[in-house]
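What follows is a pair of complexes built around subunit A, which joins subunit B in one and subunit C in the other.
Right, the complex of A and B next:
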């Protein structure tokens, strides 16, 4: 399953990345399909970057930020949630599966829970029809 | 400022069927402030249309740009080459910007990428509300700076209508009653006597109801004159 799937994870460098490191120290590894792009804050992630990730061949996009009530940049995770929902609306509008995009929030100490959520997301994306993009992305 | 809402990507994609070179033009003024047609929204639309293109194979080639004010010819002229070389232009400006390009280059097909909605202000992050109807006859000097034409659902000039309750409008319970607000404002200013003043019916011919409007400022016109000082038609 993981050999075929490609999931791009935009991860905030604060609590979310700490959670991934904590999970790694505890012996958990990321699902094979997940490729991490570390960003300063999920609130700085714009919608085109998520769309371009899908257009560039990702089957799914995960945006992983701090817990909303404990965001390192105060409102970054809330802004990211709004943009993820916007992408879901766009995907639905153009007859693609909104489930391809997901917002995941994590505390720096909840690495194991984050890995579980990522595995669940990977399973959901794997259950979707294979993305067939015929035309070239220009 | 002029407020607009983004059209669904699918609607814009349908407009572009059969086209190849597509130019998406945003505007850095009202629609940028209103998050409908600025640089970010242009980038988002192009990315989404690229996805549609990749999925459905339309063969679209995109170019994107943003001008300072799309409603003014001076700001549109610098992108003339891009407009001329495109099969279709998607304007993310308000109806004024889209029509400026369409009128300047009548042979080009210009498509609106947004629905122009109203003249409004940002009330809070992500919330925009209408506050002016551009009716052509401002009366706020006697209503405490609150426009009854735009903010009252019935555009009452001698409010309140009697249908409001707890300061809310009977037409939409989420909307504050404009005349309740006017009363509170005038009370605060010690001008409640204005509430009993009967106002004459509004002259709607000054609004869009009187047809397309035009403002001519003679002091701004560049009008040549002959030797006698008589204005000469250009």
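Right, the complex of A and C next:
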């Protein structure tokens, strides 16, 4: 199941990356399908980049940022949430499932919770019909 | 695959990776087979820790960037001073492969995943450009302490005793304060601040004259000196700032009525009262009641927060004989001009009361975020700063701006007992900051492409560090010294005029493409 599944995770290099490191120290591993792309702040992420990932063949896109009240760069994860919601709207408009995109917030210590949320997201995406967008959008 | 050639360095530490020699060779073959990486290099050493020298002196013709794959956390190795010397630090990416290792499955079946991760990193790095940090030596050699209380005085003195030239700007006269290296500017009000860490310029007015002083670092000890809060004029009541209540209570004066107000400014302005430091206020009221400092002791407040430990404090104060009056926004407390009473409409009883108050104790400093000063501090003023400033990312007494430290109410409302150790921490941090001697402007900054800017001000409004400004020709400009390289302006710019140096669009695009493609 998860061999074919591809989830692109945009991870902010501050709290979210620390959370992933903390989880790996604690012995939790990333879900098989998740591919990490490290960015300075989730606020740097633009909507085309998320669509690019889906167009390129990813089954789901997760945006992992700091907690909104405690974002390293103050506003980044707040802006990212808005963009993720916009992507959900776009996906709805083109009759795709908005569940393919999700914003996940994580504190730097809550690695286990982040992994749990990622696994839940993975199983949600796995239950959706298979995308065959690879090569369709260039 | 376009972009520059990237070399991949990998240690064949078997105990950490759990991969056998066979798996390693397979991985090496896969890495070399990929069109992206010019060279895949496995450092033959049991651990990267023992092959530091080999990596340090590594040099490959025509290849100026490298991905270093490790099987343990980079922190475990210690300082990253073993990375290739010939390459720019911004062009080396250290990847911790252990976070991708699935603990439940066999190690040998994960080779493909490791190869994919390394290839994705290499694809992004191929489009990166070399960045250089700039060091700007401090133009000033002095530290300015702003505050008119005893703690500010102590801080300035302890800084001076460490051999740092300290300037104390205080609103009130400070007689008898003299020490070596200490300059006292008393009776002065600060009016503005500009510059970068190491070269701040503080404007202040003293006796009607406007002057300017330089500072490498700034320590704000409560915002009293900056706050415009003043006791109401032509009233007979005496106003005691909450932070000086200890000194006042030590005097042992006895009065008829004493009122504790949540915010003194509500008497004069229509602004919303700021939530005071309830702990301090209630403790003070309790002390006053216990010492019988007045016949009638009351606490007048609009918003009452009584959760957790605070509830106990409220109860203790009430048991000690303190009366609580809650007022409404429509009927603010007023000080009577004839006699020393406060007239306030009680929200619960619904009738007007005249409360005897010869002395009003109020936190004058309860407006920690005067927008006026924030502008000059280039701290972000919108959003709820109280929580933001105290995230784990900033240490004790630190502010979002490097070189500016805040203690006591200057940071946010808190117990005085907490503020005092903060002061020691701030003094130690300042002396460490001054020893650095230079401000490092990072190379990882956002830059605006000339001619593309449409002057829409979006980046100016968005930048959390106030690094984006409009220049004289009415085009946006990013001050590189202030930019933290977060990229929030990049994504909001409608004209796509901004590019983040350390994470460009091609870089992300290449990584996305590498992560989504099918690995054979």
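Operating definition for what follows: the second predicted complex is superposed on the first by the 135 of 138 C-alpha atoms of A that agree within 3 Å, B and C clash if a C-alpha of one lies under 4 Å from a C-alpha of the other, contacts with A are read in each partner's own complex, and residues count from 1 in each chain.
We take it that a contact is a pair of C-beta atoms (placed from the backbone, for glycine too) under 8 Å apart; a residue touches a chain by one contact, two chains touch by 3 or more.
All of these numbers come straight from a predicted model, not from anything done at the bench.
Touch criterion met: A:21 reaches subunit C, while subunit B stays clear of it.
Touching more residues of subunit A than its counterpart among subunit B and subunit C is C.
Within the superposed three-chain model, A:129 lies out of touch with both subunit B and subunit C [touch as defined at top]. After overlaying the two complexes on the shared chain, residue contacts for A:30 are found with subunit C alone; subunit B is out of touch. Touch criterion met: A:46 reaches subunit B and subunit C at once. Of the two partner chains placed around the shared chain by superposition, subunit B is the only one that A:96 touches, whereas subunit C remains out of contact.
Under the contact criterion defined above, the residues of subunit A that touch both subunit B in one complex and subunit C in the other are 46, 52, 134. Remark: subunit A residues 46-48, 51-52, 54-55, 82, 90, 93-96, 132-138 touch subunit B in the complex.
Considering their complex, residues 73, 96, 98-104, 113, 116-117, 120, 124, 380, 383-384, 387-388, 391-393, 400, 444, 462, 464, 484-488, 490-492, 500, 502-503, 505, 508-509, 511-513, 515-518 of subunit C touch subunit A.
Subunit B makes touch with subunit A in their complex at residues 8-10, 13, 40, 43-44, 46-48, 50-62, 126. Interface residues of subunit A facing subunit C in the complex, by the touch rule stated above, are 6, 8, 14, 20-21, 23-25, 27-30, 32, 35-37, 39-41, 43-46, 49, 52-53, 56-58, 69-76, 79, 83, 108, 134.
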